[in-house]
């Protein structure tokens, strides 16, 4: 595949600076790029490399339009880069086409048009598979589960009975959707299982990374909204409701019955306690622990998660604690000295304070 | 399915307040419930909804027996709720019945009565499968592994050779039981593998959530006690011994050779360092890091984990650090002023202290 | 299997103290060992058990050569122990030998000599499998993927298309190698997928624990160096480059484009933010959060990760915060008393300071 800058500008909604007839056939990082490549700058700190790169063209933001050389100027250069890679470089997903003879499809299951089922795929009774769905080797679609048009399910993924997966989703290898939530009623020292009779419902255009888990609901459903992207090894527990276009980075854990708005970002290893609400556009930095509901439109950090300004001041203060302790010791000493000068019983009281080294 | 309140009272050991002939056929959350539903209050903060709910009956604790309407009064309303859901709503687990023709069962494997093996299940040589066991599609039972009566193993789970799984267990999708522990002997810069020749031994009535991992032992065995419930994406390392009726929430990581008592709760994302002991009934709050052995019967929190009262005071103090810092600055200034008034060399010394802003 | 101490000394490069004709047939922990067993002390705190053990011999370090009884004295007793277990106790890995009739191998795939493919294994087109490779039940090898000689791949592992796995590797159950990285370009509120066209490249002698995930690269490759050992439920994101002989403990998460040197250790649940560098021989303690690049040859701890000495002083200071707060209150009180004695307006200012309890 090869494209002219004119074609890339049309594809990305960008503008050509320089010769629109320049041809590129590959996208490469700015320091590795060779003639015939197009590269990109989506962070100003890489701007100095624009002079040195061997690339034939660069995708840049409007601020960098005078950086020199042949350019595609785009308002959102990262998006333009994504579209250019898709046009120039992406190979089609390689998988078995059609229904492999070793796939096991129950008689009552319904398959759409142009469905691909790889070797050893299992589609159980009453399952419904949309058009152009691709299910790769050894993946499992349980009884009554539904998979929307154009969705891809990777090897060894397990979709439990009655789960619903939307259109144009990507479900990666070893994902589990619709497993029972962690619901146990204490009965003395032992635990009685609380039946989990709800479903897992995944919207359209959702991506779920390898090894992640979405539980079915206890009574109602667990819901993942349209366009939400989930990284690897994430757990979304029973009855969680996630809005649209959220990002959950790897190792996120969301406890039961949490309600998450639209366009929320949870950084890697973030944990969210049960029954909380997180407002639209909230962003929670990596490793934070969310123990209270979070208002929309703010950035949070820490464990417990707090608005990031406060959290960062707290962390800065923690880092200076050893010296703070020294300062207090200095002040205590000064106060003792002053008290001695004044020759009053104040001095005695201060000494008692200084000696108080045990935790209260 | 439909039951009278009289029948539900018998089933749950509760008491009817109101008309015992009232019939219900579904359990629903208090705000969603409709006529014909039964709902429940297991947290007093939901008591105000008792007046508004459309449910035909409510399961409540004795404290709420005068809340009005038809009631099931139960000492443990959460347990009564669990039993009512099981009676009214739970569908039987849907899976292939009998041994599917694509299942591969070694000649020396022994299958109990009424065993179900789904499509593409593999049971290796010398494995022993108990009565009424259900193994779903593409799950793997290794050489010499044993699975107890009435256990359910979900799709794509992998039970390594020689692992033992007890009776009435639930092993969810993509679980790995009996994989090698992380044992490496440094040999200069490289690592020599320490053979892992022990087993993974899972007791009766254990549940293991999707994607979780239980390693085999290095020399002895890794042991999970009867009745213990493990959530998703948990790792229990080699030679860990876990007692009975413990709860491990998702993303818990327990390092090698840890001994955990009975009825211990580990919250989500808790990490436990190697070779420690955790006493009976200890509870460790989410995201804590356990770096020392923990005494029984207490609640712990933080990283490092400490008794929760101390940990909470510490967190409260941390949150107030920025203002604490301001207070110290105020005091320092006051001391300087006093020293100046006294017209002594004390002032000079305090100034040195105030200027000392670099970390010690 | 049984060996004399003379044979064990040769095998391990150790020295016999006592009778070299003593025969042992099993390795056991020092407190469980019986006559006929050999045991080991690799930690001096277990030295007192040397008197009491029933073992016929003990592997010890040179410092303990006068502990009594029959000994193998080795410079690296942990390594000598590993070699002794391997010689005396390790059973061969049990799996199906040869290509099982239910394995599906594409016509264009190439298999080396003495390859074992278990039941329901899938090897897609253009894949290349080295000599003596063992792939266990239901594992998946994607289009064009390569697996080096003598590697073992456990059940239900998924190797995506074009991934490369080196020689003598162990890939555990339910591992995913080569899944798409988490690359999304914001386009207003929604996200556009950034195609992931690189590969996952795993070196020789690498071990990857059950359920772990290694993403393919976005443009270039994700690389795991020779000899690196990865525990369970770890995620290595796109374009990460990991050097040789690293150890990543369970639940580690490494964000995109991180460069990690040789012989680096990341403790359990450590998170590393994107685009950082970690120098050779760095060690990061469990649960740390790495938010800045780390210099080589040091030990780090905390979130954010810092040199461990500083981090431990900070943690000690945090634990003493409640009493620090009390000390400040005492000093404030003393200063007020002194100011009152001096009968000046200083007192008024201090009172204002004391009353200032709200966060700044």
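Things worth noting here:
The first chain written gets the first letter, and so on, giving A, B and C; residue counts start at 1 in each chain.
Please note the rule applied: contacts are C-beta pairs under 8 Å (C-beta built on N, C-alpha and C of every residue); 3 or more make two chains touch, one makes a residue touch a chain.
What you are looking at is a predicted structure, and each value in this text was computed from that prediction instead of being measured.
Path length between chain B and chain C in the chain contact graph, taken as the least number of steps between touching chains: 1.
In this structure chain A contacts its sequence twin chain C using mostly different residue numbers, the overlap staying below half. With centres defined as mean CA coordinates, chain C is found 24 Å away from chain A.
Each of residues 102, 120, 138, 156, 174, 211, 233, 251, 269, 318, 321-322, 324, 328, 331, 335, 338, 342, 359 in chain C touches at least two other chains.
Interface residues of chain A, counted against chain B in their complex, comprise 102, 104, 120, 122, 124-125, 138, 140, 142-144, 156-158, 160-161, 174-176, 179-180, 182-187, 189-195, 197, 211-213, 215, 219-220, 233, 235, 237, 251, 253, 255, 269, 271, 273, 289, 303-304, 306, 310, 313-314, 317-324, 326-328, 330-331, 334-335, 337-338, 341-342, 359. Against chain C, in their complex, chain A makes its touches with residues 27-29, 32, 76, 78-79, 81-83, 85-86, 89-91, 94-96, 100, 102, 118-120, 136-138, 154-156, 170, 172-174, 205, 207, 209-211, 227, 229, 231-233, 244-245, 247, 249-251, 262-263, 268-269, 286-287, 310, 315, 318-319, 321-322, 324-325, 328, 331-332, 335, 338-339, 342, 344, 346, 349-350, 353-354, 356-360.
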